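This structure is in structure tokens; I'll ask about it shortly.
For clarity, chains are labelled A, B, C and D in written order, and residue numbers in each chain start from 1.
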Amino acid sequence: MKINGVTIDPTFAEAFPMKATRVIITADSPRWAKLAASTMTGFATSVIACGCEAAIERNLDPEETPDGRHGIAILLFAMGGKGLAKQVETRAGQCVLTSSTSSLFSGIDGGKRIPLGKNLRFFGDGNQISKVIGGKRYWRIPVMHGEFVVEESTGMVDAIGGGNFLILARTKLQAIAAADAAVTAIKRLSNVIMPFPGGVVGSGSKVGSKYPSVPVSVNDAFCPTLKGVARHSELSAGIECVLEIVINGFTQNDIEEAMRIGIEATCALGQENGIKRVSAGNYGGKLGPYHFKLQEIMA
Amino acid sequence: MKINGVTIDPTFAEAFPMKATRVIITADSPRWAKLAASTMTGFATSVIACGCEAAIERNLDPEETPDGRHGIAILLFAMGGKGLAKQVETRAGQCVLTSSTSSLFSGIDGGKRIPLGKNLRFFGDGNQISKVIGGKRYWRIPVMHGEFVVEESTGMVDAIGGGNFLILARTKLQAIAAADAAVTAIKRLSNVIMPFPGGVVGSGSKVGSKYPSVPVSVNDAFCPTLKGVARHSELSAGIECVLEIVINGFTQNDIEEAMRIGIEATCALGQENGIKRVSAGNYGGKLGPYHFKLQEIMA
Amino acid sequence: MKINGVTIDPTFAEAFPMKATRVIITADSPRWAKLAASTMTGFATSVIACGCEAAIERNLDPEETPDGRHGIAILLFAMGGKGLAKQVETRAGQCVLTSSTSSLFSGIDGGKRIPLGKNLRFFGDGNQISKVIGGKRYWRIPVMHGEFVVEESTGMVDAIGGGNFLILARTKLQAIAAADAAVTAIKRLSNVIMPFPGGVVGSGSKVGSKYPSVPVSVNDAFCPTLKGVARHSELSAGIECVLEIVINGFTQNDIEEAMRIGIEATCALGQENGIKRVSAGNYGGKLGPYHFKLQEIMA
Amino acid sequence: MKINGVTIDPTFAEAFPMKATRVIITADSPRWAKLAASTMTGFATSVIACGCEAAIERNLDPEETPDGRHGIAILLFAMGGKGLAKQVETRAGQCVLTSSTSSLFSGIDGGKRIPLGKNLRFFGDGNQISKVIGGKRYWRIPVMHGEFVVEESTGMVDAIGGGNFLILARTKLQAIAAADAAVTAIKRLSNVIMPFPGGVVGSGSKVGSKYPSVPVSVNDAFCPTLKGVARHSELSAGIECVLEIVINGFTQNDIEEAMRIGIEATCALGQENGIKRVSAGNYGGKLGPYHFKLQEIMA
């Protein structure tokens, strides 16, 4: 299968179940909402060493937020509910409670509830006040900048991590251009995030290595400088750079749509811009129950 | 003592010893260096729950970096060497190794060496190559985007955390304006960072609370809505917002200079812009050996 | 009339008829569309000395543009059709034709048609090609970066210039904060622009001066430092900064809505943030036929 | 001559004498200085239809500006002193005088003096005040935001316009990447600007056309789609995009240095990134007395 001269590999992205939530940060200005959101979603690329995977989902206009201020929606993903709850609470306390003029709300009605302000409220040292509006409990915690308003809990939903596709290009420049185009396109969707720097992974990995204590190592099959060395290189002569777009989302449909939009944007650059192939990362189907077949998605 | 009508309180900021390092991220473009740097320094406001305190120190021009590309210098602080080493390595692996086109270098010659690429190199699964140039060891690790170059180690130095001052203003708007001015001024200095969102803490804390299990709680003495409630409120009637600038630096001199520059910028707005007082956070001298006396610094 | 403690003066903004058009710039990336749009709308604050008043209306997603690329909508206003036509053509030729990867389209169907690519096409030196799609003529002009696609003409409509309101505040800092809030709010509307730097005029003027050859001079009635000097100062003691938001729009309704939204955002900061009054600029009703009465708009 | 596989053509850029000045805009914040500077330098790509060629030279730290505030240095170029004087004054009045919190200073000591605030002062309607500090006259003009401070005059110097080089690449993507790299590198120099959108011209021109009334038309010799049509195409089969970097500067040395730095950055991408050749625009030596020979500059 080819799109605009770009080969779509007969393979699939392998993804796995995660738990996720959406929270909404508001502030007196878009700039301060952004500062809190960037801080909260930093160091959250890969769940194993960061504790969660998180990124900004989108900016919210004042009429979309609970308190009518400028806001930002954030998605956070973890392997289980306990881990997610811990990360949400810790990051909320360190990065949003501390951020000037900010408030914090749930972005998901229903779902299993995990604490948002439930324990943060104790920061008020007994001076916190609770209020129920429209069936939702909010805490007003006095802080030095005035008051930190935080919703009692947020909703946790089943979600999917590890949706992905690989961009195989002739040069680094061309791979970056295609990745940028894909990320720009996918960023306009709801319910998905791309947690790595700039939405892109430059160092895709395989499970295991020759060193017993090292759990993951370079995905040598897709490593341009290891064409002659790797046991089963997937790369032909003209491919000198491979970048991976990793996508987490709420549902299979969310991830499929993101992959489709992203691969379209990649292929729009086409063969004449050095985009050779689109492939995907999987572990032979052993790791994750969700298999996103590239050719079916692009059919 | 008054500067431009702003009272400088006869008090001091209490700071404590930390360990710190500087690392340098380079990339093919300023944008990609920034993406990696923002990711690496996210969720790093307070050492207790984040593991370290980190922020961008400054942008580096190509002629200031080891590989002649655009770069960014980052400072990371932790309570001890072990903690710092762990954070540096984990964040480097999750946020810089994964970031497209990036390389990573030490920004401190000498000092006690802690691993930078020393263990990350195993990601190469045996295909990594080491090279010594000018007495420094570098690792070239093959990755999908090409090659990740990382220096073997970086230098750890004694440092200081918790330098601070408080801006007491009539309104939130005015406090934010003063904090922005202070942060903008301090950001131009080397050897210091302000790890909180936007460089500012909106929810300053005291040690302890009425709940035995809650280690820190609102600094009620400086909390505008608790004037009538707090045992010893430090606030008079006209003060409705208090913001704290927290500064970590390498030496006492670095922090003094940053406090001086920041307080100057704050006072430049002056009484007519609602800036009432500058104070500082301390724990009666029990916590930290470094006491930065505001009036001496501003004399 | 008071809103949140802010006095709404019993006065009106006086506006006058203009001619206007909307054009759409597209490019290979949002960044390049922005570069062309910023250049085209620069030096376009006031029609008398700049030839036109112009600004970015809003960013366009790919599915909103004629060629499916990222785009930006621009509004341009002039006193008459001839002047507008000349400015549109000159600015298109200097700023969009020259901008890498750009194309240029009409953003108004119908209306009286003024040339967009009609004469620019001759830049192709005979190599230009015309194509009619859906009843609209487009020109494909070969250029060094590839091809510049430009629509034959754009639609000119009747419009209104000079909608405005004045923000009277205790300090410069507070006036700027209110102006920023107003501009941010108004920018989300369609069919209006604010052509001055940052959407704000810091040096409002009156017609005439004591020097016969100087046609406009400082609006001394609203000039804080001239309270004791101006014949009829409109300012009381507590007002030290006045900023004007000038709004051009297609219809009376567009301008009314923008004024309403902008004044709301201003008043939201309120008396406690030093916002004292909202007033408006007029010339006693002699200059312009459109009178936007503040109290009616805010009723 | 080849650099990194990129052919440097045995040709020269032809440039011509201009008059230029530097002005400095300061404001209460870097953001407001930028807003005024962008407005003042908009619609200033080519002197013939815009009246002048102008761009931001660089940002200035507070300690580099006359009033200790954040600032921006701007260079403006015109064909003669009269034209330059008119443009400087008009743009200052429309874009800087109107911009909130701004002041305006000369950035060149000595030179022939042209008016900066000399006539703008009449905006004060008799309330302006003059002050001489260190031998320089300044005007304090009362305005609604407070006071507009402007230096009496700025210095005009001999300068050069039309320094340039052409980037010939296999694809548009690659040409843009090289142009971006060149512009980023040149922007770090003083005394030069690149007045076109993003620093780049996508539609280079030749003098004359087949239409008697059209003075300039597409540079068909460097137009990829006209390879088979142009009388003397300079392009071989693999070149599908050509971009021009146009540089104005104070001295021959300034322009040579900028061309050298820019061509270096272009060639750094090299043949493997589709950069085929670097050439330059000239008119056979008939138009301008300054000939910048590429191979000598790069020797």
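As a working rule, a residue touches a chain if its C-beta (ideal position, glycine included) is under 8 Å from a C-beta of that chain, and two chains touch if they have at least 3 such contacts.
Owing to the predicted nature of the structure, the values given are computational and were not obtained by experimental measurement.
Let me spell it out: compute each chain's centre from its C-alpha atoms, then which one is farthest from subunit D's centre?
Following the centroid criterion, the farthest chain would be A.
Which pair wins on C-beta contacts, A-C or A-B?
Output for the comparison: A-B.
Rounded to the nearest whole Å, what is the centre-to-centre distance of subunit A and subunit B, using the mean of the C-alpha atoms as each centre?
About 26 Å, centre to centre.
Indicate the whole-number Å distance between the mean C-alpha point of subunit A and the mean C-alpha point of subunit C.
Between these chains, centre-to-centre, one finds 38 Å.
Spell out, as numbers or ranges, the residues of subunit A touching 2 or more other chains.
Each of 240 in subunit A touches at least two other chains.
Residues of subunit A touching subunit D in their complex?
171, 173-174, 177, 240, 269, 272-274
Which residues of subunit A touch subunit C in the complex?
29-30, 61, 184, 188
Can you check the complex and tell me which residues of subunit B touch subunit A?
Answer in residue numbers: 28, 31-32, 35-36, 38-46, 49-50, 90-91, 93-95, 97-102, 122-127, 141-148, 166, 172, 175-176, 179, 196-198, 200-205, 209-211, 214, 216-220, 222-226, 229, 240-244.
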